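You will see two complexes here that share chain A, one where it goes with chain B and one where it goes with chain C.
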Partner chain A sequence: MRRLSWFNATSLTLGFAFLYIPMLVVIIYSFNESRLVTVWSGFSTKWYGELLRNEAFLDAAWVTLQVGFFSSLLATVLGTMGAYVLVRGGRFYGRTLFSGMMYAPLVMPEVITGLSLLLLFISINLDRGIVTIVLAHATFSMCYVSVVVSSRLVSFDRSVEEAALDLGCTPFEAFRLVTLPIIAPAVISGWLLALTLSLDDLVIASFVAGPSATTLPIKVFSSIRLGVSPEINALSTILIVIVTIGTITASLSTKRALVRKQRAERMAEQSA
Partner chain B sequence: MRPGQFIGRGVFFVHHCPVGEKAKPMPQNVFAPWTDPQAKPLIRFENVTKRFGDFTAVDDLSVDIYEREFFALLGPSGCGKTTMMRMLAGFETPTSGTIMLDGKDISPVPPNKRSVNMMFQSYALFPHLTVYDNIAFGLKRDKLPAEQIDARVKEMLRLVQIERFAQRKPDQISGGQRQRVALARSLAKAPKLLLLDEPLSALDKKLRQDTQFELMDIQEKTGTTFVIVTHDQEEAMTVASRVAVMNFGKLIQVDTPTQIYEAPNSAYVADFIGDVNIIEGNATVDGERVLISWAEGQPDIIGTPAQPVAPGRVSFVIRPEKIAISSEKPTDRRNAVHGKVLDIAYLGNMSTYHVEMPDGTVIKATAANQRRRDSLPYTWEDPVWLSWTDTAGVVLAE
Partner chain C sequence: MNLRRTSLIAVPYFWLGCLFLIPFLIVFKISLSDAALSIPPYTPKLELSEGWAGVRDMFSQFDFENFEFLATDDLYWKSYLSSVQIALISTFMCLLVGFPMAYGMARAPQVWQPTLMLMVILPFWTSFLIRVYSLIGILSQEGMLNQFLTWIGVISEPLTILNTNIAVYIGIVYTYLPFMILPIYATLIKLDGSLLEAAEDLGCSRTEAFWRITVPLSKAGIIAGCFLVFIPALGEFVIPSLLGGSETLMIGKVLYEEFFSNRDWPVASAVAVILLLILIVPIVLYQRNEQRLIEAEQ
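Let's turn to the complex of A and B:
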């Protein structure tokens, strides 16, 4: 291992301090005894207990999970279908326009997306609640899925699909038995991306949520306006832990896949 | 991996060859159905044209391919050979004209309903399936009983000698083994016609040559009709019963490898296959012979055209190995020219001499190196005689 020069060490420290000190503060204060967020009065886990007894937070968390599950599922199906048509559909009339329109929502300000969805739901008389949030989240996250999946589709050899057709598959069978298994990693990461986007969306959800359904980000944001409570700190800490575990798992499994691939290559060399 | 290694192994499927037909004596001993006017072609291209926008990939092309043939489509890239193959597989439909398979127009038949299978240039193996499941893939689509599929897959694994790797994934085997899996997979359904798209281009030269013999062996054993697309003229010459030389979407010549090499119908074919000298001149007809005056102060070349040619501009085409090189003027040959050695390409087994005529024309002649290099008979600047017989070259009208 090489020692870092003082310059690199400083920039590393500053950079990471910038990134992580805010989170560290939240974690530390979540174990604060005092009700006053900025005054340390001793270690306690009581706010975690309070959090678990807070029905409003638990309801909001449950709504968020439901919305995340259904919207990411919908977004994955629609986004994959869209990507498949745009990449594999050949040069049909208006294809460039469609692929541009597919990606436009990525750069659209969320406020506008939220507002337009709200107006749509009002005009078709759809009661605002879980259903509207699911639809709204699926709408904006399917573009992300589509981007991830189409980059995988572009890079894989078209003749593999042709081989499936050649061996007697109908086009749908070829998709199900060959294309889908091959692009599965991209579909899964698209799905995880959609799930993440849905879990932490505040802006769009606050436009289309109704009194019957409040997501966790909305709940957190509205309770902050009444003052930061230590319960929020506890909640944030739990979320940070979940995200950390998720990230570590993902990077470990990527690494395992890499090792497996290298082993396969060695096997190929030896068998030659 | 040597040729002939399969001999005596197991029973192989022989398809689409009814017993009665097999018992019928062939008109000749050699396999040449294209010379038999009674023979029915397996594939018939009738005035097939394929356009992509403004580009004409295949231009009003007609050809017959017969059962059990090993037919090679040879040409530079962009000549339309791959398009022809993709039309046979069903991935492209002709803009006009018809393609018949077994006497039926196959244009409306989608790829998955054709008794035609293809081996792709990239092999196109399914990366998520094992070698075994790759080969079984097509059979499973036909909903065959499991034990029948198993038997057939094992037979295919044996045929291409990859039994050991049956449970591996495609990225766990070498390029040469992948090529075998691809071949086994495309043969598993016992197609009437197997299409091979540059099947050996990813292999190194030595392995490619071994595999060529093996391909011929497998083709003979299975009795399947093979159509191979290649840009490698040596490969086409080695494996094929007939070679079709293509350029700009047209067939320039369709013939046996020997005929293509020895009797090219055009300077293009002569130049595309192997090394060649092309000498242009004015012909005067003298009975069966023609006299070609080609340079000031040089004797006329005496040639024997295959078809009568009219007097006028002609190309005289002669292979370097048909030209003898000597230091004395030969007395037994009427075609002899004098020049000096300009360059020598030493290839080990033989050398090609570039000999410059007084008028600046360079003629190539090859000679086998029967002695070691130190004692090569001719060197740079040596005056030499080049000579050939009356029938050694080909006379082509322009």
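Let's turn to the complex of A and C:
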């Protein structure tokens, strides 16, 4: 077994310390009794209680969940369609413009996306609120879904699809019975990415959200501006814990699927 | 060409046309308009009720006044330049931190690799805003970093880091580090170890072998990582507004304030148009690098 050199071990340790210490400090201080965020005065979970009684935060969290749910669903459907058109669609009129529009939002600064969508909503007199945030989030996250799904579409064996067509499937049946099950893992990770992007977004939401809808990031941003607070520490801890559990579960389940696949392949080889 | 295929193409096409292309054309149109005290606060507006004459009338009132204003007012010049400067410096710092980490990961024992990978990806899934927030507590006057440095006796007076450009650099490196590590790691893991052994057999020292073999062969990953950090850093808004101070000029922040505080929509739109023009160069270069990577793999 290879062993890490002294230099490699140091750079990894320092690097991961840099990535994780700030978040650990937030977690530790969320259990601090005192309102002062730099002095430790004893263990307490009271800030979690305060947070759960804070109506403004709860309302904002509810808005965020609604937006995340609808926008990630829309983004997954549209992004998968877009990826399919780009990879399997062949030639059609305006293809270059289409692929440009699929990729541009990935590199577009958020301030510009937010500004341009707000100007659109104002010019068509659409009331700003949950609907406009959903439209905005679905638009930029469908491009991320499309990248994830199209990388899977490019890599899989096309002859399976053709076999289904030869055996009498309609193109739609072939997509539903053959293509979709194969690309399903990519569609799911695309959906998770779209959901995360939506729950996380501050800049675009603060452009297109009207006074009637405040998302959690907008609320957090306005209270962070006033400084560090124990409630925000508690909220951050909850979010960090959710993300950590989710990421570890996802990586364990892909690992298990890989092991199962390898075992199946070995068995197939032996029986052949 | 059947109906189903047409509608499959048409739905995402129509969606992006309405919610990406048209909004951008509106920004471009307003950047050529004049500010006015009305709702919405600019003129001319498109009078569709007047038909063709209304369209012609609108075009005749367009001018480049806002762009001339951006060119003469040095606030905008300075913010574009300082955005580029801040993004460049932080990208370089990110490379200095990220490369050794990616190298260490690629060199680590096989069984550790999935865990190390997970540790890099985890912060990427964690809320961006919360990660920036966690730095505020570390970098402030009475924060952890100052307490630690005073405790080990390096400094006697607390340093002012928060609300300066240094905090912005640290913030960008901290939040975008996974984007730098992952592409570099992906090229380093594919590197054939026998090349390094061959170099050593032929009399290269290890440092020499590193510079003459490892670095050139991971060049594509380094370039990709740098662009993945530089492009979003250039238009960054959250980091300069939370970690930066009054001296921190970044164009994302200027645009936001121009729009919300000054309510000058035409100037904000012109700022956005110029920012995009600046971004086109790195984006095209990045695309070309990606293209070369794909061709090299085939």
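Basically, the second predicted complex is superposed on the first by the 263 of 272 C-alpha atoms of A that agree within 3 Å, B and C clash if a C-alpha of one lies under 4 Å from a C-alpha of the other, contacts with A are read in each partner's own complex, and residues count from 1 in each chain.
As a working rule, a contact is a pair of C-beta atoms (placed from the backbone, for glycine too) under 8 Å apart; a residue touches a chain by one contact, two chains touch by 3 or more.
From a predicted model like this one, the values you see are computed outputs, not experimental measurements.
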### Query
Putting chain B and chain C on the same copy of chain A, do they fit or clash?
fit
### Task
Using the superposed model, measure off the angle between the directions from the CA centre of chain A to chain B and to chain C, in steps of 10°.
100
### Which of chain B and chain C A:V178 touches, first, second, both or neither
first
### Query
Once the shared chain is lined up, is A:I188 touching chain B (first), chain C (second), both, or neither of them?
neither
### Query
Does the superposition put A:M267 against chain B (first), chain C (second), both, or neither?
first
### Query
Touch check for A:C169: first (chain B), second (chain C), both, or neither?
first
### Message
Looking only at chain A, is it chain B or chain C that touches more of its residues?
### Response
C
### Message
Applying the document's definition of touch, where does A:I28 land relative to chain B and chain C: first, second, both, or neither?
### Response
neither
### Query
So, A:D157: does it touch chain B (first), chain C (second), both, or neither?
first
### Query
Just how close are chain B and chain C at their nearest CA atoms in the overlay, in Å?
12
### Task
Once the two structures are superposed, pull the chain A residues common to the chain B and chain C interfaces.
none
### Query
Contact residues on chain A for chain B in the complex?
157, 159-160, 162-170, 173, 177-178, 181-182, 261, 264-265, 267-269, 271-272
### Message
Considering only the defined contacts, which chain B positions touch chain A in the complex?
### Response
89-91, 110-113, 116-118, 120-122, 124-128, 137-138, 141-142, 164-165, 168-169, 171-177, 185-186, 189
### Partner chain A, residues of chain C touching it in the complex
4-5, 8-9, 11-13, 15-17, 19-24, 26-27, 30, 40, 97-98, 100-101, 103-105, 107-110, 114, 116, 118-123, 125-131, 133-138, 140, 142-144, 147, 174, 177, 231-232, 234-238, 242, 252, 255-256, 259, 265, 268-269, 272, 275-276, 279, 283, 286
#### Entry: chain C contact footprint on chain A (complex, rising order)
1-5, 7-9, 11-12, 15-16, 18-23, 25-26, 29, 37-38, 78-79, 81-82, 84-85, 89, 92, 94, 98, 101-102, 104-105, 107-112, 115-117, 119-120, 122-123, 135-136, 139, 142, 171-172, 196, 199-200, 202-203, 217, 220-221, 224-225, 227-228, 232, 236, 239-240, 243-244, 246-248, 251, 255
